[in-house]
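My questions will all concern the structure given below.
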Amino acid sequence: MPSFIIKTTRREEIVDLTTKIKEIVKKNKTKKGKGICYIYVPHATAAITINENYDEKVCIDFLNFLDKIIPQGKWLHDKVDNNGAAHIKAALIGPSEFIPIKDGELMLGIWQGIMLCEFDGPRERRVIVSLR
Amino acid sequence: MPSFIIKTTRREEIVDLTTKIKEIVKKNKTKKGKGICYIYVPHATAAITINENYDEKVCIDFLNFLDKIIPQGKWLHDKVDNNGAAHIKAALIGPSEFIPIKDGELMLGIWQGIMLCEFDGPRERRVIVSLR
Amino acid sequence: MPSFIIKTTRREEIVDLTTKIKEIVKKNKTKKGKGICYIYVPHATAAITINENYDEKVCIDFLNFLDKIIPQGKWLHDKVDNNGAAHIKAALIGPSEFIPIKDGELMLGIWQGIMLCEFDGPRERRVIVSLR
């Protein structure tokens, strides 16, 4: 099962994984070019989402929105680990997405990209890609 | 891989896809009547969710809630395309859901329906259904 | 397809399903120990999420956050069933998660647990686990 590491550089950040995952789909062919691509991060303060990235302000808007509804420093868990907001964001967005594959290619829409959401960086994050 | 088009009629709208998807599951049998039904929209300002629709006010409540936490006209992307809120809503809800299949039927609960969320209509939206 | 029942004891509650689901994965082996574990609840006022549970305050923070953005008693559906907030929460979090399996084990991160979110209890909730 292919996986790769992303080194994030800030506390909060969105990293576009689309090119990397398209390469994996190209190299690891599915039967008859059909199937599902599953993307999963084994982390409790990061997440996977799908969104536009042609205008990078879409991703900034998304982080700003999350920060507004889930502000830093107001949570019970902050006394333990000081990352309560990051856990709530990760649980809300979720650690995974799937995308159908046809003719050997992801059926992403023109304006869809696959994004890693870092909510408690900088860290090394592992991205697991399963093709079936 | 079956897919179909939904023409939405308003800027924001929830369209119940349950009957249509049940028909597709009936026509396109899975091995031993078991498997997973994957529903995916290749759009960055629409989403798929699962909820009650017997009382249609459940869906109105859902749109009203999203509009309250993600108001129109306050986002950086609005200067580019004037649909910043729609992108945030789509990323938050996500473009997909899956439902297990048993004895040839979706294992939906009695009160669960499969919903297309239009956040930037009216438009033509494509719904991809993969059965495996 | 394995499934089990959880009896919740409060109106809102998060129940850790990780041990139970790991047992199911152990008993019901997948081909070559690889695959995907799909978790699904057939309910419109409950949800599945993945988060830390070592510090149980992470889950309390999550319920408190949801209650703050989706308060009780303010929704159109409340006149029908008095559980409008529960429906919005369930639609927002979603009824499912999937986790890749490798060498016969879930590829959960160290800090990830699989959680049932009860938003309208106490009730009996069914959890469906599909391994493929």
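So that you can tell them apart, the chains are marked A, B and C in the order they are listed, and the count of residues begins at 1 in each.
Definition applied: a residue touches a chain if its C-beta (ideal position, glycine included) is under 8 Å from a C-beta of that chain, and two chains touch if they have at least 3 such contacts.
Being a predicted model, the structure only gives us computed values, none of them experimental.
If you lay the C-alpha trace of subunit A over that of subunit B, the rotation comes to 120 degrees, to the nearest 5. Two copies of one chain, subunit A and subunit C, touch each other, and the residues they use overlap weakly: the shared fraction of interface numbers falls below half. Per-chain CA centroids place subunit A at a distance of 20 Å from subunit C.
Across the assembly, subunit B contributes residues 69, 92, 94, 98, 132 that each touch 2 or more other chains.
Chain contact summary for the complex, subunit B toward subunit A: residues 1, 38, 40-45, 69-70, 75-77, 79-81, 84, 87-88, 90-92, 94-96, 98, 128, 130, 132. Subunit C meets subunit A in the complex at residues 34-36, 49-52, 55, 57-58, 60-62, 64-65, 69, 92-94, 97-100, 102, 107-112, 115, 132.
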